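Labels run A, B, C and D following the written order; every chain starts at residue 1.
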């Protein structure tokens, strides 16, 4: 990575990274998994590994990323799924079975599965 | 006046310099706020001010909590109440809590009568313990010189501060936390197994009975009561200027004659003076010093300088523990107390027809470490020590009190002869810089073969922690270093070790002020002005002595003629010199 | 008391860790972390070796070791079990979990099983309150515990 | 295979469930089946919407229509009018609480019902904490760049002061004032310290921020360094947080690699380096002076103030100490402005506060609410109410330094001042909800049990006083307390608060004083009636088998570890309370609820 030289330089880098990390319109399915201590303790890592494998099997092209705590400690592991053209949905209590359902039912077929957590906070942007 | 602050304490206005604490501001107008953890050796750079006992709390207008007066600086317009009901109730509760975790064996506690907690509980009128509960069960140990009863520790940290900051010995530390917190040693070991040098400054600092000296008065009284034993006593120079304090006399009162009278009343067979042996020490150490300097100047590479004094047992322990690489630097001369013992048991006893095992030598010392020194194996013959028991000034006072006499009204008596005769040079051993001054008085005359015009070397005196001076030996400059307090000693020694300082001779005393500030002296409770007054008294005593140079002591001259031969000669070497051990590997945490 | 010898291998580990911090006394807590991580615990000869490296009295090291609950002078079990007794875990029944671990392993808090496999300690809060009650075995966190899960968890390590 | 074009989300939170949301979901399913719509519209139960006072709640997607107070017999109307007819059911629509209008499309930015605003947590759960690019993509380091290029250090402090941000670690000291004090101090070296020694049992806000968004803390520390004239930052973090440490290390090295930390940052001539310092398990090290002594390699004992750490801190140099959450607020204050920040919150306290909501509440979690939110909103709307439909009893805030508040405090808008006035405190953000099964004397004892060994042992009132408080509470919970003990308990608590050296001791009696104030009857019951109404004090309860309910299945007697239960098969059993150790095993084993505590 190169060193940032100035405010303008940082701004252009930001725009470049935005296109990579949070483009205005999502073209690809994104799965974000909450991987703070509680999430990991509740099995988030295994769920993620499982989903990566399973999505390969299903031939799904998905971006998996880890994130910090989403705040739903009672429902760990939790993950957020963004499918192009749909509002993103947070699922809680995700074990391997539910992970499979999310892939085959929700992502592939727009069929919701158990464990939806309505987002109840406001973001700053 | 911008550096002055005006505030109101108990409705009285007071103006003090900025940076003054409420405690000191109150004291400046005679308002006493009780304290426990606060302990300051003024001028010695040591102040224990953790603000932790919470006894000195006061009410400051506008502050929601009570403030510790020892730790709160004054500010302009501050309004302080030191005696409101809120303050008094809080103070009582704090002391009540301390008592709830403190053994109630006051009647037989070594600190009874001197205990600051006992006094405080009494002053606050505590007659029962409201908040009783579980009491700490910690270690109690008896080392050769010091008794440690952790159950009595109130965590004031005074001992920890003197052990680490003043003395840099590092034997004591606070351990654990919460209710289990207590001042102890590494791994809760006995002091003897730690870096402790037995200097006893912790004992001097302890406000309660958690640290005290080993008490030998009972053994001494049994010996006196035993008709088969001859019991003789020697008294160190610093004792005579401090003992009076135990009887309500002014600090710095010289009570030499009364002390001798009291000792005779107690039944000692002979009352001698360690000062006699101090003169002897000067003969030996002075000769050794001149010899080393002369050989060094001639280019003898086997000789090392500086020569360092070796009278102080805390200091000897300190260098054996911390400077094992420099064991060949201190003088090999024994301390005056041990020289006295050696002469008494090997020369005087024979002369008097007393068998060694029937002679008991007692020393009265301003010192706690002497209790350890007299037990060292190299000072014993077939298990029989040259000095049997060493008592502190405080223990002597306790014994005097048993006589039921009014000490201040006792008549004066003289020491017995021959081991009771001494010079002014011996007296000043009790003050920092005194040993080296006494040695200089003799060395000068021997070296220059001229008589000294002025015997007082004021450039060697004072209370500065580390002092350096150059004395002109008739054209030859002799560089002298002096340190008192082991932290200061460490500073000086580290310089010498690093080759950053060149001295011909160095005097070191473990206790601040030298023996006048010894750990065995009456408790000064942090009032260092008492030590300064004792120091002045020492120099007065010197001025009044008819002979002020050790080599002019006729009894010393006679001793050499009759028995010892030459200073540092074969016999003198055998009886009056010793050797040192590397203790760094035997102890933990050096 | 004479020195307890510490073998050269251990001494080198200690020296290396101290050297990583240039033997700075101000880094003694990091050094203790490092040494405990490498050797498992901090017995007195280890503390002494550290003090020597740093040129400080061992009393200071000991004062620190006894102050911080993270440091231990006793060897822990191969699988140290830590029961969280934070508030969230407390109100969700952590004491019952602790009792069950004690009962199943037959040891008390601060003790190690005779075979050296397990030791039990309590800790204040893992910060995984959402999963309360929580226990840690090594660095693995077990959440939403009930007493009847305890035997199964221990079996994972047998 | 079905391809749904509509989804009906039925809230499955406990409030809605008790309002018969299961029946509602069933009705939707049967109605849709009846109309042959099962393959077009999916019905699913979800987690709590946080609209508990308006439940049961139903949301239709993708129309973003929220219906409130839905009853099972409303289902047909919704299906027929909305799903089939495409016309929304007006009288069930969610009402905008501000305008009073019914809202048809509840898609962003209509977020009136959302009680939370995520400022400190803005990136948590959003970005990849191990990739600085993701942080930069979310405007990361823009605030630092702005400060270095557009602001003087004084201006930075002005912005922070004007925002009204105050210390989130507990006491709420104004952050701008603190920075200004360090900036004023003259010294050759200054330090910026981040207090990440989160120690309150039941609190994990700081850990979550560090694990979810470590760069925001680094950026804020650099901004602080620029403002006060420090080039060195230290993060004092609990060794019990390995993941947070790992992510911080990654973030620091990535930031250094990109020149966002290090020398001559963005060619501004400003240097800033950050190092980690580990705690070692001492709660008291959360206190600033203790923390500094710990960083210096000493026992973590607090020392008296003044001097404040901003004048004489780490290595006796001016040191600014703030906690993680405080720093996490800083970058966005710089980018969005002081005015934006100060518009959130109450007159006394600006911005938001993160709480770790825990205990007997349905939605345990990490929440961030504007100052001024009420406890009721937090517990019932965000927290989804009390678990298992039990009765709310108390809420504990501020950890061992705080207190327990009750029903009558639920509608206080919370900020630093109001919580202190109510007898608790904000603290670092632990919030533990208790129901009727919690004994308040035991809770007070629990906190003292924590404080006693966590006291550093330095000052008398904390070292011995807290121990005595614990002993008195222990005596009371064992049924040996006297009314005099209650008096002593209060008196000693007051003196400890008044005389202790540091914040830990000065606040350690708070759990006792607040429970004495709010639950006096419960204390008296323990003392006079030897009774614990919560059934938590083992020495004060008796177990009893209700013979009318017991079927004699022997499950209890077989599982009793001390053989205190006797009885013949298929006949009611009895418990011998002289043997019983009140372990509770029988209660969990009994399938018939026949065993009760009295």
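Here is the rule we use: contacts are C-beta pairs under 8 Å (C-beta built on N, C-alpha and C of every residue); 3 or more make two chains touch, one makes a residue touch a chain.
Bear in mind the structure is a predicted one, so any value in this text is a computation, not a measurement.
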{"item": "Higher-contact pair (C-beta pairs counted), A-D versus A-C", "value": "A-D"}
{"item": "Closest chain to global C-alpha mean, per-chain Cα centroids", "value": "C"}
{"item": "Where chain A and chain D are represented by their mean Cα positions, the distance between them in whole Å", "value": "24"}
{"item": "Whole-Å separation of chain centres (CA-atom averages), chain A against chain C", "value": "36"}
{"item": "Where chain A and chain B are represented by their mean Cα positions, the distance between them in whole Å", "value": "73"}
{"item": "Length of the line joining the C-alpha centres of chain B and chain C, rounded to whole Å", "value": "44"}
{"item": "Residues of chain A engaged with two or more neighbouring chains", "value": "37-38, 40, 73-74"}
{"item": "Shared-contact residues (touching 2 or more other chains) in chain D", "value": "204, 207-208, 241, 282, 299, 358, 364-366, 453-454, 456"}
{"item": "In chain C, residues with contacts to at least two other chains", "value": "60, 63, 67, 126-130"}
{"item": "Touching chain combinations (by label order)", "value": "A-C, A-D, B-C, B-D, C-D"}
{"item": "Parts of chain D lying in touch with chain A, wherever the complex brings them together", "value": "1-4, 7, 9, 11, 42, 44-50, 59, 61-62, 107, 111, 113-119, 121-131, 133-134, 136-142, 145-146, 148-150, 204, 207-209, 211-213, 241, 243-244, 254, 257-260, 266-267, 332, 336, 358, 362-368, 382"}
{"item": "Touching residues on chain C, where the partner in the complex is chain D", "value": "24-30, 32-33, 60, 63-64, 67-71, 85-92, 96, 99, 103, 123-130, 132, 139"}
{"item": "Of all residues in chain A, those that touch chain D in their complex", "value": "1-7, 9-11, 13-14, 17-18, 20-22, 32, 34-38, 40, 65-75, 80, 86-87, 92, 109-118, 120-125"}
{"item": "Footprint of chain C on chain B - complex, ascending", "value": "164, 169-177, 185-187, 189, 193-195, 585-590"}
{"item": "Footprint of chain B on chain D - complex, ascending", "value": "282, 284, 299, 301, 303-304, 306, 452-461, 463-468, 471, 488, 491-492, 495, 497-501, 506"}
